[in-house]
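You will see subunit A twice below: alongside subunit B first, and alongside subunit C after that.
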Partner chain A sequence: MRGYFFSSLLIAVGLLVICSCSRPPAFRLNTEGRDPGSISPTQHEALTTTLADFFGTPDQATTPRGVELNHDLLHLAAGPMGRDLERVERGLYRKHCANCHGVSGDGAGPFARLLNPYPRDFRKGVFKYTSTVMGAKPTNQDLEKIIRQGMPGTGMPSYKRLPDDDIKSLVEYVKYLSIRGETELYLVRLVLDENELLPLNRQAVLEDGVLPAAESWDLPQIEPDVWVVKPHRPDWDDQQLQAAIARGKELYREPRAQCITCHGPEGRGDGEQTDLYDIWNQAKKGITDQQTRELARHFALPIQKLRPRNFHSGIFHGGDTPEDIYLRIHIGIKGTPMPGAGPAPGIPGVLTPDEIWDLAYYVLSLAQKLPTHSAHEDSERK
Partner chain B sequence: MQTADCPQHPGKSLSGSQQTWPYRLVWAFWGVGLATIGMGHTVTSYSAGMAIPDWPSVFGHFPFLFPLHEWFRHWDVFLAQSHRLIVTILAIFSLILTGFFWKIRWNPHKWLATAVFILICLQAALGASRVLLGDIGVAAIHGCVGPLCFGLITVLLVVASPSYEQLCRSHHEATRRRWRKAVTVALFIAGLTYLQLVLLAQLRHVLPQQPPIQALLIVIGQGILWAVIGMIVVTAAMVLRKPLCNVMTRKFLWLVIGLYCLHLVLGLSAWIVNFNFPAWFLSHVLAVEYTIVQGGVFQVIVSTAFALVSSLLFAASLALLICAAVDRGANVDSDHN
Partner chain C sequence: MMKTSTQKTRRAFLKAGLSLATAIAATGWQRQVNSKMAEPVLGELRGRFIYDGTPPERKRLKVDKDVDCCGKYDIRDESLMVGPEQGLANVFVYVRTRGIPIPEGLADRWPKRVTLDNHECIFKPHCMAIWCPVQEYYIVNSDPIAQNVAFNPLGDLPANIILSPAPGNNTDAVWRFRRSQTEPVLIVCNYHPWESAYILPRDNPFFAISDSSGNFAIPNLPLGEWEFQIWQERVRQLDLPNAPRGRLVVQIKPGINDLGTIVVSPEHLKVVA
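On to the complex of A and B.
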């Protein structure tokens, strides 16, 4: 009787376990909206094996020589979640990020469809809220800041409870996914658009695809004076602040600032321009609705429109300090139609730094979020 | 002093103390079951299922000799180890209770207690498999079997209660048709609340490689189930209204209604603390500046409470089903009479 009971129990558990066992997660190939049927098995094989040789798998993340990532931090974030026998917690990316950003960093994790805006797709190497000029990669501090403070009004949570090392580890893994993603895009275009002869020349791929993607991450760290915008908040008294807000209000309506087009005359996000998409969704948009519907079949997520910010709501995804708003106006929001108004290397800005501050304070006044402390007091508090 | 028939020998009455102390024992067992399932849901909310990588040992230590300072060093380890220990207590308790009911030969208590013990063993084996295989798919099954186990413990508690004995002996004016309706709605509530639990377990143990459409379909399924359960609960309130049913059945009906409302509120709150307010709500209805704090106390409490209330709702609906079904004997008797 006892033997019968235990053998039945074992069979039941065995069946349940077999039925529920899942395969280890793999990186999903980025076909950029192409019909998967148009990719031959040989091309698919060439792409996946080349990428695996350079970057390993989600469980065993590796990087090719020349890619300067901290492997200790990388290995804390990679792999399945849980502690090892030395009590070190691993798999941080899968624990904290993969449910939304996906195992491949494609922004199409299991919960992505429930979110508006969608989670960031790291594979284009474009990040919306940074302190670096348009076209440059974010600094480590930019990514750490977003992870630590989250994005108000979106599904991106604040991870302020995580230890600093864990956040650094997640930043390193995001950079890894981004470099891998950019290499993947380079490879996909090389193999599918330019019909490169197979097998691929690994050395050429390393030099022309992997290393440029990796080096672009180093630029803001090596030359911060060129690539990073440092806002210096003016120390204004109340009277000066009110004057700046009045100037900002005028500026807001000026054609060169282009604010009204999207944000509307009163800053309620109700401008004339409503057909707005970021670069991730622009790729899903066909010329006709029919084309858009057909394209949608080849993307994990349907097309999603952008909503210009309603300043009166007081919600700013990239942060609501005067410095944050200054950076948004100066640099713009990368990957979106929000342009940068400040100067960038080789490009004169449409607004001067003083004008950007005027505009920033006007926007904050609409949101009723004017700072109660001076820049000096704020920096001392920090 | 309360008296009731002895379940082993119908007709022979038991004194109050003879009847109530096994009931108190089952209450204690139910309490441990609630603590276990609550701890299990907390482990899931904190993603602490793999905080201890080995089983049955704990970082190489014998489970009961795991050093206390190590236990409290990491919150996730504390949760996982506490969950394991409380499950051990529950299993031992279950074994004792099963042996006890078999010894005193109470029916159907001994069979129910045996079923609970088997389910606890199955659940423990699934928990162990989840750790040893490191597979989140197994965790989802573990999350489905847990509430089933707790539901069965609740049924045992209901069956062991003195009020249940009184309910078995009571007669009222209900017709067989009304009884069928009552049992059917109770059955639907129990079945659908369990289905909702299964869907919830899939959301709480989502596979990282799962396509985004699946989670959306699960959420839509949950929404439809909520609406359907709501309608059935309203139907149940009409079918089981006073004076057509026993006071115990009505109590469970009110409990189901209360838990359903709480479940609804917690479900919406759990959405907000995990995914934030919907975009249309932020842009058109009310501007709310809110940032989700991952692993924050508020997020964990709301998510855990939602899962726990789901389990309680299922357990209460099972209790309602048992009470509604027991009326059959009384009705059949009254029909015969």
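On to the complex of A and C.
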């Protein structure tokens, strides 16, 4: 009897697995922060069919004319895991990324809840660690670097063992999810907030929603001199380095860059500013605690506070070379309260590049991560 | 013969007179046409928002950063500003209809910048609108402390700018919005959490923000039927009996189009007594 029961259970579980596996995964509609009951079936249908029309499905990624992505690379990352007839591995995104970043790129995969900070939600088109100034999208190299080196102190591992083409294909797919996600945010506002008449005008959505989201990725490529910061590490001897650290220590306490407000007087991440959130979590915060609790019902993940970096820990999410720290100070960390102190288009900045190097070396001295090699030697070691 | 000659002369005079009259009339008409082309007939939308109730006391905001500088100012909540004779300030009114024609030459006459000042530890003004392809956003710090200005418009570049303490260098910045927004964008200061302001970037100049008396005016409107959006920061789309979700269709006629007094109750603004 017991044997019969267990074999029935096994068959039932098996059938369940087969059923769940055979259903192709779908993109989850981004209705975060809204009561799902307030969205009519017609609006839901309009949003999902328009997005599918432009971008296809997780198994069949497509892009409309005018979105310049490399489809050979895109199709290596898209779709289910496995090998094609030529034994080329496909479905790389689902293999390496989706468990944390989610099939939809919403940063809410099955493991996301366990992580602090949460995995990146690509749908806002904002990436924290870049070499591009003031809100501009990252370069391909920025994204490749993050995938290769991972993000120390977070759940993001290093994928440096992956072949170059695989990393490039993952970058292409992240860009695809991001352009799709920004289009989705535009559409959600259009259909739900603006109550746009349905059916939607495809050409208007393409011109006002899809193409601006796609073209913003081209900006650093078209005008690299304007948008991309290329740090040139000073060639200092030990005495010069110590002098720079001393100057950096002074700058750290100056009111210009306001470092101590968040990072504290000794750089332990214990400044007076404690109520800090990134843009992904800011939306989950109501004016009152009650509102915050109510809002939580409409988000996939609970609200998560930001912790300003404690430099003494020696852990830097965006990398710990002098160039990495220079970029964080010059550009800031996008989507977070950490502003850029260096110059950007239209903005003179509050620190000069020389001052930023001083500050970068002071921060590295606190972390006991001062480089023992020149920039040239460092790049050769990599 | 003589008679014929006189008749001919008369006819010639008459012809000349007629041509002259025609020429004068034609010139006058042409002038009228030219003046019409240069200055098309336009309309202006006006109105006044009044708050129908006793405004709640503006809550004093918690000022716990840079207290030496900011602690001396009486900094209060600006989300409901009621002025003299119940005028409701800081209500945005703007054309919602897309593709509304913009009169030729208007961009040349329009101010080239909108200014946001960090002054006495708050953003001034609290509400702004900008014609984004024509105007630049000039951000300045007048305070003797460092200030931060951060905003994240949908589908546009996010900003997170530091300004040095004034007086001195690096106390100002220029920003350009690249996309029109359908509602005002929140501006915050990451150093001083009590600071907030709103900016509405639009691809046309047909917007207004009610002043301290509750008055607003949108001039230079082309004639026709346009939909307007009414927006207030407490409730965003300001749902009114004659303007559900803050939307109102108005047939703009030449000259002044006065909506009169628009009564806004505490319930409309979700003010809890």
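Operating definition for what follows: the second predicted complex is superposed on the first by the 354 of 382 C-alpha atoms of A that agree within 3 Å, B and C clash if a C-alpha of one lies under 4 Å from a C-alpha of the other, contacts with A are read in each partner's own complex, and residues count from 1 in each chain.
The definition used in the following text is that a contact is a pair of C-beta atoms (placed from the backbone, for glycine too) under 8 Å apart; a residue touches a chain by one contact, two chains touch by 3 or more.
Small disclaimer: the values here were computed from a predicted structure and weren't measured.
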- Message: For A:34, using the defined touch cut-off, is the partner it touches subunit B, subunit C, both, or neither? Pick first, second, both or neither.
- Response: neither
- Query: Counting only touches as set out at the top, which of subunit B and subunit C does A:232 meet: first, second, both, neither?
  - Reply: neither
- Query: What's your read, subunit B or subunit C touching more residues of subunit A?
  - Reply: B
- Using the superposition on chain A described above, determine whether A:305 touches subunit B (first), subunit C (second), both, or neither. neither
- Task: May I ask you to decide whether A:114 touches subunit B, subunit C, both, or neither, giving the answer as first, second, both or neither?
- Result: first
- Please work out whether A:297 is in contact with subunit B alone, subunit C alone, both, or neither, and reply first, second, both or neither. neither
- Message: I'd like to know which partner A:80 touches here: subunit B for first, subunit C for second, both or neither.
- Response: first
- Message: Identify the residues of subunit A that lie in both the subunit B contact region and the subunit C contact region.
- Response: none
- subunit C partner contacts - residues on subunit A that touch it in the complex: 125-126, 134-136, 182, 185-186, 189-190, 193-195, 209, 212-213, 216, 255-258, 261, 272-273, 275-276, 279, 332, 334-335, 337-341, 346-350
- Please give the residue numbers of subunit A that touch subunit B in the complex, ascending. 5, 9-10, 12-13, 16-17, 19-23, 25-26, 28, 80-85, 87, 89, 91, 94-96, 98-99, 102-103, 108-117, 149-162, 269, 300-301, 307, 310, 312-315
- Which bits of subunit C are touching subunit A when the two form their complex? 64-65, 136, 145-146, 148, 150, 152, 154-165, 169-170, 172-176, 178-179, 182-183, 190-191, 193, 237, 245
- Message: Considering only the defined contacts, which subunit B positions touch subunit A in the complex?
- Response: 47, 49-54, 59-60, 73-74, 76-77, 118, 121-122, 125-126, 129, 133-138, 140-141, 206-216, 219, 274-279, 282-283, 287-296, 299
